[in-house]
Amino acid sequence: MKNLKSKIESLLFISNQPLALKKLADLTKTETKEVSEAIKELSVEYDQRQGGVIFQRIGDKVQLASSPDNAKLVKDYIKEETTGELSRASLETLTIIAYRGPITKAELEQIRGVNCSVILRNLLIRGLVESKASSAKMQNTYNITFDFLKFLGLSHQSDLPDYEKLNSHESIQKVLGSTGGQNQE
Amino acid sequence: MKNLKSKIESLLFISNQPLALKKLADLTKTETKEVSEAIKELSVEYDQRQGGVIFQRIGDKVQLASSPDNAKLVKDYIKEETTGELSRASLETLTIIAYRGPITKAELEQIRGVNCSVILRNLLIRGLVESKASSAKMQNTYNITFDFLKFLGLSHQSDLPDYEKLNSHESIQKVLGSTGGQNQE
Amino acid sequence: MHPIKIEEFEGPLDLLLQLIEQQKLEITKISLAQVTEQYIEVLNQSASQHISASELADFLVVAARLLLIKSKALLPFLQWDEEDEGEELTGQLKIYKEYLDASKVVQSLIAKKRFSFSRSKLLVAEEIGFAPPPKLTKDRLHDVFEDVIKNLDPWLNLPTEVVKKSINIQEKIAQIRQRIFREATTKFSDILKEAKDKTEVIVSFLAILELIKQRTVIVRQSKNFDDFEINRLD
């Protein structure tokens, strides 16, 4: 396991994009299950160390990033011009996706009460949201990207304030399941 | 000290090259002596961890690198990334640049409907695409390289199959032109 | 009545919430009925300036649901289904409010600028030079580009789809108007009998309200909470 963790860490260190569990399993010629275990352990280790590098995870993808504690220092060094400015509609949509993702467009529209095609496309183009074909839900699902997680300076979506409550909202299932689905296309 | 170590670690993580002690001292606005102390401690910590990332010191410069234990794995991954076949997303991006170049990143993203930053950087690194400052569009434009054109066995971009028809296809014009103000937030 | 001054809103639920909060009301069925007229007024004022074509249908749907809730409160004899529209909308609004509040927390999180960054380029020891994907051919590029073009269709057709949806609602309103015009006097309960679904019930209301406003019909009710007659004004 130590060995596998070391391999995963090396790959994440040199890579310039998030790597999926499956990809890591292929590269290291290991079972996905073992990779999943190794990633969990690595994630805990990084969280505990609280060093200059954090271990980020969204769904089945992972990536290393610089610690938000040193945001300004790193930003100045790499001359990034990130401002993190978002319109209200973007912010509202991203919040729902961050707490509820992966989420379908219909579910998102049910919560916002308005058609979200345009805003979703804008967020996809800005790289703050990504879509994935979901066989379980028979339609695309949307989730936030590592780029957005980096705006927040968090390691996981679940580190968001009040995540438990807003992620598994009791009555939300009722609303989403209700016949009042006015926004389905 | 924990603070300074974290800062140095962030900088070494994000940097693609070794950093001199003096440079680290400047960046973190600290005395070289303190930086030197912090580096010693970091070095010991990394040695003890024996993870996938190692701490190297060469003369007065330091850097983080992937562990030599995983040298082959890392080499294979880089090889695959830089010389292998393209992912679907990369292929789409390259195709759009081939048929529509010179094209700006914004136009490219309008057509694909997703952010292309990372993919574009990878295509540039592989010498398939080049960027040029365009005074007309007030931003960089991207086009396929002459090497890539030759590789395809063509002497002109317009020799691509169905170039005339596909280059000026109505759907492309529409998505780049007035889409009825759909793209404003 | 409180003056309505709504600067900016993101969708119908946001507008509704603002109206309720302006009057310092809780989110209940009763407050929904109370702000119904203001909602419709704002809709009339702002429809052209602030509401995009792609969102108009959603605003109309909520307007219709509000009217339904209000009418149920006023006319208890109306019983077209068991579902409680009021409960549904208050539930939805409460959830929307929670995410709206959360979005403010998220905003403050971003405002701290505690950004993290990842490597922008793959860490390689030496320059790669020209490295084409070995099997790529010009024909493959051609096929992929055709796919790219095809994949644009849903997006390019979107405005048409959305406009169709609002037209449907507006068409229904027009149909019901014509019906009222054909018969000099008609009962509201008769109109409802023909409504195929909840949306049509709602739309009937919208149509009648519109006609009253234009002074083309007059509505008579013999006593409170009773059925009413609609008479054409010649």
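Just so it is clear, A, B and C label the chains in written order, and each chain counts residues from 1 on its own.
The criterion applied here is as follows: contacts are C-beta pairs under 8 Å (C-beta built on N, C-alpha and C of every residue); 3 or more make two chains touch, one makes a residue touch a chain.
Note that the coordinates shown come from a computational prediction; the quantities given were computed from them, not determined experimentally.
Farthest chain from subunit C (centres taken as the mean of C-alpha atoms): B.
Central chain (C-alpha centroid nearest the global protein C-alpha centroid): A. Mean C-alpha position of subunit A lies 20 Å from that of subunit B. If you average the CA atoms of subunit B and of subunit C, the two centres end up 42 Å from each other. Taking the mean of the C-alpha atoms as each chain's centre, subunit A and subunit C sit 29 Å apart.
Contacts with at least two other chains are made by residues 52, 54, 117-124, 155, 158 of subunit C. Across the assembly, subunit B contributes 13-14, 66, 78, 113, 121-122, 182 as residues in contact with two or more other chains.
Residue ranges of subunit B in contact with subunit C, taken from their complex: 13-14, 16, 66, 78, 81-86, 91-92, 94-96, 98-99, 111-113, 121-122, 125-128, 145, 147-148, 151-154, 160-162, 166, 169, 171-172, 174-175, 179-182.
Partner subunit A is touched in their complex by these residues of subunit C: 8, 10-14, 52, 54-55, 57-59, 61-62, 83, 88-89, 91-92, 94-96, 98-100, 102-103, 105-107, 109-124, 155, 158, 161-162. Across the complex, subunit C meets subunit B through its residues 52-54, 117-124, 128-142, 144-149, 151-153, 155-156, 158-159.
Subunit B meets subunit A in the complex at residues 3, 5-15, 27-28, 50-53, 64, 66-67, 69-70, 73-74, 76-78, 109-110, 113-115, 117-118, 121-122, 182-183, 185.
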